[in-house]
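The two complexes that follow have subunit A in common; it is paired with subunit B in the first and with subunit C in the second.
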Partner chain A sequence: MSEVKPDLVDVQIDGVWHQFPKGTRLIEACRQVGAEVPHYCYHPKLTSPGNCRMCLVETGMPPRPMPGAEPPQPDESGHLPISWIPRPVIACANTVAPNMGVRTTGPITEECRKGVMEFLLANHPLDCPICDQAGECTLQEYSVEHGKGESRFREKKVKKPKNVDVGPRVRLDDERCVMCSRCIRFTDEIADDPVLGFTDRGSHTVLTVYPGRELANNYSLNTVDICPVGALTSNDFRFQMRVWFMRETNTIDVNCATGCNVTVYSRQNKIYRVVPRQNNDVNSDWMPDSHRLNFHWIDSDARLTDPMVKENGKHRVATWSEALAKTAEKLAPLSGSEIAVIASARMTNEELFLVNRLVKQIGAGHVEIVPRMGEADGYLISADRNPNTNGVKLVLGLANPGSGLDRVKSGIEEGRIKAVLCLQENLVEDGGFSPELLGKLDFLLATYPLANPTTGLADVVLPGACWAEKSGTMINVTGRLQRLNKAVDGPGQTLEPWEIVRDLIQALGGGNGIYSVTEIFKQLAAEVAAFKGLSWGQIGDLGLPLIETGETIPALEREKQRKAAGLIVG
Partner chain B sequence: MGGITYKRGREPHGKEHRVIFRNIDREGWDPGIETYLKDGGYDQLKKALGMERAAITEEVKKSGLRGRGGAGFPCGVKWTFIPPNNTKPVYLICNADESEPGTFKDRYILHQDPHQLIEGMTIACFAVGAKLAYIYIREEFPEAAKIVEKAIAEAHAKGFLGKNIQGSGFDLEIYVHRGAGAYICGEETGLIESLEGKRPYPRIKPPYFPAAMGLYLCPTIVNNVETLCHVKHIIGMGGEEYAKTGTKNNTGTRILCVSGDVQKPGYFEVEVGKVTMGEVINDLCGGLKPGRELKAVIPGGSSAKVLRADEIYTVGRGDDARKLTIWDIPMDFDTMAACGSMAGSGGVIVMDDSRSMSWVLNNLNNFYAHESCGQCTPCREGSLWMKKITDRVVAGKASPSDIDTLYGVAKNIDGRTICAFGEACSWPTESFVEKFRDELIGDTKPELEGAIVNAETLTAAASL
Partner chain C sequence: MAIIVQRPKLKWWEQLYLPALFIGMKVTLGHFIATLTGKKKVTMQYPEEKWDAHLPDHYRGAPALVTDEHGRERCVACQLCEFICPPRAITIKPEEIPSDDKWAKVEKRPRAFEIDMIRCIYCGLCEEVCPEQAIFLRKDYAITGTSRAEMVHDKERLYEIGGVRTGLVNKWNELK
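After this line comes the complex of A and B, so read on.
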């Protein structure tokens, strides 16, 4: 044997020797060295039933000598010869063994794949032209890669239920199902809502939802993501757009402090779907339905498209410079203590950094954000429904974000506060500011993506981009620094909030030459201790741990336990 | 067998050697415990309770007992697979699912001699340290379940089950569990899933070898009814003595269930390897039907590969090589394997020249297509595909190349599935095509070559 570290074993994959930790599944070992093994039922976050048989590979072990015969001798590399076993094994559930050989190509492995593909297609309806999964379907992909190109099947196909409502958001086509049981395992093992199961036997097996129940839990759409074929489709995305036409943008979910990593799929500036993106330190492979579906408003008629100023009680469209000039004019007579800045914990660190500058420049007497607390769901949804409360603490310097909101209210009530700059918030609906209270102000500026009761009252209204239309960083509940990336442009004259704040600073007499988010990040890294030495590029698509918060994400903790128990690869 | 008489017309054949079936069809016998006790029942249990646990396993190992459920795995060796450092409870399961077509032996034990099974099980449980055991009885045996439950209650009342059995300090409860009518529940890991209240989807091995990770992921020994009965007799006579019956590596007796085209089908307990196929057919079963010739035999339950009557079988290697006709094949595990089939569950299905092999194969394929659990791709899709092809062969709607497809489908199942059902369902097709290819092709029509069988296939072909 060549030099062996204590718990590493030597395995030959496609003729080349490698070392892997004991217990590594063959499929993962192969993947690590670039020999992808096709698979349907295997999912690293779920238990392995080994039912699809797509991952069969040829393996071998050193020959066992007959009693009394010469034991096999190691070659010059220190490895024993491999005696190949005619019976293939599944790579998803078997683990590496010392001096094992694996062939991910070659006649045995390839024949197995061809066979499984032919079987899977035998009773498949072959309705790709009307299937949403087309373009991201492993059945299609593996057919091309591993199939035989034609079928010997000449029989009548098995008929099964189609277009079945299994829940409010998920639809099932049983004829397309390859019976990998991923969805069943997900609902059972991850969502704790085991409503899916198989009934009937053999080729007549159908996936069904338990009688009288529905797949309605807030994680139901994850089954659509992990279904390797078009059997489970999303009612929301169904028949909306071919996947190959869409652009993918990696960003994060802003519906709560967890900051699930997502990919936004868009075409021609319209978002068609949001799906979770794997990050084992944040959301694993999952996200809540309520968060992923919360994007349709982005493309709605309620969007603000232009700056507006109020004249004689009525809003009229204005240019950016008009609106900014009016703001400067209205603020000029006021002292700093008469001005309150209400920013948002939905703003990025970069935006908050500029807000901080603005506050300092005008000497604003009050700076606050609007807190959003709810109940944690015990999976991924954090009790804090703001995505960047930690950024507010760190960058805006609020020790107890939201706690000063009442002081702002009483300040307005008592006439001490005469102007409010409301940045990306909705004071009336989310902040508990009554219209009467806001009516007492001399001047109200409101930026927001949508028209709302607060913008309705504002003297100056500025269209601010939403989360999918901007870039920047946020710090999630566990203290992880993560990046938002702009997926689409905001409508009309919309600007990203950092641009708006920069322009406000300039309009109010300040000056700076900031032209990009990355420039702000550079300054942030120079000025705020926690960010010291960090660069934009370093954060990458998966983010990095920035601070210790002591908080955990329940779904991840459970996943760690399952991994430690050897139930899943993780 | 001094003094034992059997019901008229049910007397054992002179070539039989009745151990397990000693009391089956016995005059004056009933399944009650009093009858059993009068006959020396539970003496072996008392003996075993006085032995070291490991010594019992040792005796079973020495006896050479091989499992009678199908695979013929050495029983004592299986028991030693329980991890030595185990701290979890150990379970024992008696597999009374008897559902392999052609097999009908366990039912007689359950119906007529349940205490023999309970005694064997109790000894086995004592040996492996199981305090809880289950008898998994197929749905189709409702009477058997009642009888066995009654017998368990009787054994309880007499202190052969329950707490502190016969003052030994050993506790054991046995429960009957009824299946719901699925062949796959006979496969041990499917059975375990079913016992856990789930669909009987067989588990992957590794890692779920029952002896290490079985019922509720605890070490579990699964044995066939007949196997467990043998344990009682091994304790009675000692492992070495037991090993003197039967033949080397194929020890003891086993029950052959003969069905099909013979004069007197039925069950026969014989010493393993001491009788030949010829003796089974001609002596035990009174020969073939008048004027008929032997065509083929399926020797070990429906999933065993078919043996052709006019073939010469070569067994043994080198100097030991012997040539055998089908009539000369001794009914034992190793020779049957050397002949390319298996002794399996002891179900011998005899077919004479009146049988159409296409029909027979189609009949088997029907069974397997109906019973595939549907969990893994090759078996799920392949079993029904094979049935559909042989449906057409039988209906005269197949072409010669369909036979090649049929064979190819079977080959794509064999060795690639989760459980041995994959082999069970593909071996009939493989062996029938290999041995009776001409006959199957004779039932097809060359003019149908390339014909579109159904309109759907047209679109299917077009879209591929």
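After this line comes the complex of A and C, so read on.
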């Protein structure tokens, strides 16, 4: 045997020797060397029941000598000869062993896959034209790769319940189910809401929800994501768009401080769905339903599309330069201490960096954000519902974000504050500012994606892009720097918030010379200590740890425990 | 390699060219008189007269949607024709069939189905790709309109052109 570290074992995969840590599952070992083993039931974040039989591979071990016979001798590379076992084993639940051989191709494995595919397709309804999974269905993919191409099954197919509402957000089609049990294991092991299970036997096995219960927990749509076929489909996305038409954009969720990594699926500037993207340091493979479904307002009628100025109590559409000129004109007679800037912890670091410049430029006496605190759910939803509170602390320099909001309110009440620049926030509904209070101001500027009571009161309204329409970086609850990427264009004259703040700075007499988010990030990295030496490209799709906050994400902690206990691959 | 073509040797009266000219003139005059006197008809009075009877079976005219003998719209809005369409003339908006509908088990149908006939190139790929035998190229070739909007065939118009087609595979029929 060649000299290896004690925790590494030599394994031959498809004729080539590799080294893997002890305890590596065969399926993971094969995947790492590019020999993908087809599978349905195996999921690295769930236990492996080994019930789909799709991942059968041929294995072999060194032969055991008969009593008295010569033990096998290692060859010149130091490996013992392999005697192949005639019965295949499942790659998902078996681990590597020293001097083991694995064949992911060859007559035995190929015959096994063909046989499993034939069984799975015997009762499959073949309704791909109306199935939402078509295009990202492993049954389709493996049929092409390993299937027979035609059916020998001449009997009548087993009829099963179709179009069943198993929960408020999930629809079940039992005829399409391949009995992989991923959804059952997810609800049991991850969501702690074991409501799904199999009933009946043999080819009549059906996935059902426990009588009187429904799949209603806030993580139910993850079962749709992990379903390898179209058995579970999302009510929200059902029949909206075929998957092959959509463009995928990697970005992050902004509904809470966790900042789940997501992929936004859009076509022709319309978002159709948001699905979680794997990041083992943030959200594993999951995300809450409430967050993933919170995107329908993006193309609603309430979107602001043009800059507006108020004249004689009525808003009228204006050009950007007109609206900015009016702002500059209104702010000119005021001293800095009479102006308050309310930014948002939903803004990116780059936007906050420019807000900081704006504050310095006008010498604003007050700068605050609107805090949003809720309750953590013990899984992925963090108590802080603002996605970038850490960024506010770091970039805007507020030690205790949100604490000075009452001082701003009393300042307006006493007439010390005469103008408020409200950037990407809703002061009336989220900040607790009454319309009467805001009515006392001489000048109110509001930017926001949607029309709301605050923009209704504002003297100048500017349409600012929402999270899916802008790029930038945010720092999540654990102190991880993550990147937002622009998925769609904002409607009408909408500008990204950093562009608005840049133009405001310019209109108020400041310098310009910034034309992209990456340029701001360069300046940010040069000026803010925590970002020193970082570049935009370095952050990547998975982000990188920036600061220590001492906070953890409960769902991830449990996953680590399960991984340490050897239950899952992770 | 150059091929040397031998020029024909012309006789002296052939070299005059005049006899050939008169022979040609005779043919022309013959046709002229036959047409003038109404003995022969060569002009088709389009659009009063149409070419329809002469169209071959494989002629590819305007694409249209068909219903089957049960009156069911065959299209299930799988959007494969939209995908395959080279000039991107097809736009489909799918919807779910309500549960009280007779064909609720089909689950999906087009809410809107539009073919922009200005874009359509009559290639027939939509018919070829359709897994439900729902779209066929008809023999209608004179697609005209006075505005761009008129040239967009909506679902209603497409079913009007397509009509009922029987004898197709009916996988949605009850087995028992």
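The rule we apply is simple: the second predicted complex is superposed on the first by the 570 of 570 C-alpha atoms of A that agree within 3 Å, B and C clash if a C-alpha of one lies under 4 Å from a C-alpha of the other, contacts with A are read in each partner's own complex, and residues count from 1 in each chain.
Following the convention adopted for this analysis, contacts are C-beta pairs under 8 Å (C-beta built on N, C-alpha and C of every residue); 3 or more make two chains touch, one makes a residue touch a chain.
What you see is a predicted model; the values in this text were computed from it and never measured.
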Subunit A as common anchor, with subunit B and subunit C clashing or fitting: fit
Touching partner for A:I130 - first (subunit B), second (subunit C), both, neither: second
First, second, both or neither for A:T251, with subunit B first and subunit C second: neither
Of subunit B and subunit C, the chain that contacts the larger number of subunit A residues: B
Contacts of A:R238 with subunit B and subunit C, given as first, second, both or neither: second
First, second, both or neither for A:N94, with subunit B first and subunit C second: first
Which of subunit B and subunit C A:F153 touches, first, second, both or neither: first
Subunit B versus subunit C as contact partner of A:T263, first or second or both or neither: neither
First (subunit B), second (subunit C), both or neither touched by A:G115: first
Touching partner for A:T473 - first (subunit B), second (subunit C), both, neither: neither
Touched partner set for A:N163, first subunit B, second subunit C, both or neither: second
C-alpha centroid angle, subunit C to subunit B via subunit A, nearest 10°: 90
Superposed arrangement (fit on chain A Cα atoms) - minimum subunit B/subunit C Cα distance in Å: 6
On subunit A, positions contacted by subunit B and by subunit C: 128, 156
Subunit C contact footprint on subunit A (complex, rising order): 128-130, 134, 156, 162-163, 238-240, 242, 244-245
Complex interface listing, subunit B residues touching subunit A: 182, 199, 201, 204, 206-207, 369-378, 380-385, 388-389, 392, 402, 405, 408-409, 412, 415-418, 452-454, 456-457, 459-461, 463-464
Parts of subunit A lying in touch with subunit B, wherever the complex brings them together: 48-54, 56, 86-88, 90, 93-94, 111-112, 115-116, 118-123, 126, 128, 149-158, 178-179, 197-198, 200-205
List of subunit C residues in touch with subunit A within their complex: 76-80, 82-83, 94-96, 99, 104-108, 131-132, 175
